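Letters are used for the chains, namely A, B, C and D, taken in the order the chains are written, and counting of residues starts over at 1 for each.
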Amino acid sequence: MEITVLAFGIAKDIFGGATVTVGLTNNATTADLKASLEEKYPKLKHLASYMVAVNNEYAEDSGLIAERDEVAIIPPVSGG
Amino acid sequence: MEITVLAFGIAKDIFGGATVTVGLTNNATTADLKASLEEKYPKLKHLASYMVAVNNEYAEDSGLIAERDEVAIIPPVSGG
Amino acid sequence: MQTQIEIHTAPLNIQACTDWIMSPDSGGIDVFIGTVRNVTKGRAVLKLEFEAYNKMAINEIKKITKQAFEKWPVQKVLVHHRTGTLQIGEIPVIIAVSAAHRAAAFDACRYIIDSLKQTVPIWKKEFFEDGEVWVAAHP
Amino acid sequence: MQTQIEIHTAPLNIQACTDWIMSPDSGGIDVFIGTVRNVTKGRAVLKLEFEAYNKMAINEIKKITKQAFEKWPVQKVLVHHRTGTLQIGEIPVIIAVSAAHRAAAFDACRYIIDSLKQTVPIWKKEFFEDGEVWVAAHP
């Protein structure tokens, strides 16, 4: 399946855009998505940390990703 | 000497006015002032506590009172 | 060490306080606003009356703000207190503190209101349906 | 349990926040105002840019305010956050909390800003004379 991943903050700079499309196998997990992105965009690994959000909730590494999910990369937050 | 004592809050009610005049010997202390006032206005003793201020500073019981001092009775404060 | 300490008979103005406290070198501002509550210890309050020994009150507030500057790295401190008759919802006190970092602003602001209630010669009378009472006067 | 959570591109309005938070049954209000500081870690800051993942940010702020209501007896909680380009002295965030008694308002307000900075998907970019940086992005 093809997943459109939303990017914010420095992730947007790393991906070179506000979204990036990733090809994943069905039943892929958050960890699979991270691995795929880190392969394509090694700078992700230099971040202090980053999280994946699925449908507006922080996702565990073991969480499954489905085709219609809203998926986003959440680099270290710095609001306030 | 005659001292005019300023009263605030409930002390004003106890004295029946915003000031009260007290006759004190020269070299009288804050404690003497209190004793004199408590004799004349026994309700002072029913307060949770009260302080004497001399020239806009809280005064110790042993502090002397001079004729030109600005003296005030400070019942328990409740600002804010 | 900038302070603005005022006792007013007219209504306090929140915007004027925050306008004064803001500055380019501050990163965090904490503002405490006291308001007149419609109930105290289960009894309906009709209104409050505040009386201050103005000169000494300003004196004592200055001591507290000086302590705040000694204890925390704060930049500006404002204390405005109101006197006279206040209706429900009106504002007896505004305290505002600015600092480079927010922790100092929070700590100092709370310290100032806590201390003000203990040492500053200002008195509050509560008016109820069936009487009135000077707060804290009796044990 | 009343909350007002908003993310704005226009400048935040302090008076609108305090107007909303005040009520006849509250006795104490604590307001935290974040402001853009002209310096960070010794470097002069020219401006900031804030970006939010709006829907999720509102979601996460709601969780924090819910926790605040569970932890302290507070009455109303307001969180306004700004996005876009902010100049020095402008306001990225206002948090206001009302309570019957001030301790709860202080505790909850501080908890909310501390938590917001940890979990809410909002990002800040600092612009310097000689470059720009997403805050906290790198170790």
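The criterion applied here is as follows: a contact is a pair of C-beta atoms (placed from the backbone, for glycine too) under 8 Å apart; a residue touches a chain by one contact, two chains touch by 3 or more.
This is a predicted model, so every value here is computed, not measured.
Engineer: Can you name the chain that lies farthest from chain C, using the mean of each chain's Cα atoms as its centre?
Structural biologist: So the farthest one, by centre of C-alpha atoms, is A.
Engineer: Just give me the whole-number Å value for how far the CA centre of chain A lies from that of chain B.
Structural biologist: Using C-alpha averages as centres, the distance is 72 Å.
Engineer: Once you find the CA centre of chain C and the CA centre of chain D, what distance in Å lies between them?
Structural biologist: Centre separation, chain C to chain D: 23 Å.
Engineer: Report the inter-centroid distance (CA atoms only) between chain B and chain D in whole Å.
Structural biologist: 48
Engineer: Where in chain D do residues touch at least two different other chains?
Structural biologist: 34, 113
Engineer: Multi-chain contacts in chain A: which residues touch at least two other chains?
Structural biologist: Residues of chain A touching two or more partner chains: there are none.
Engineer: Can you name every chain pair that touches?
Structural biologist: Pairwise, the chains that meet the contact rule are A-D, B-C, C-D.
Engineer: Taking the touch rule as given, give the residues of chain B at its contact with chain C in the complex, in rising order.
Structural biologist: Listed in rising order, the residues of chain B that touch chain C are 6, 8-10, 13, 46-48, 53, 56-58, 72, 74-80.
Engineer: Okay, in this complex, where on chain C does chain B touch?
Structural biologist: 34, 50-53, 55-57, 59, 81, 92-93, 113, 116-125, 134-139
Engineer: Flag every residue of chain C that touches chain D in the complex, lowest number first.
Structural biologist: 14-15, 18, 22-39, 88-89, 98, 100, 102, 105-106, 109-110, 113
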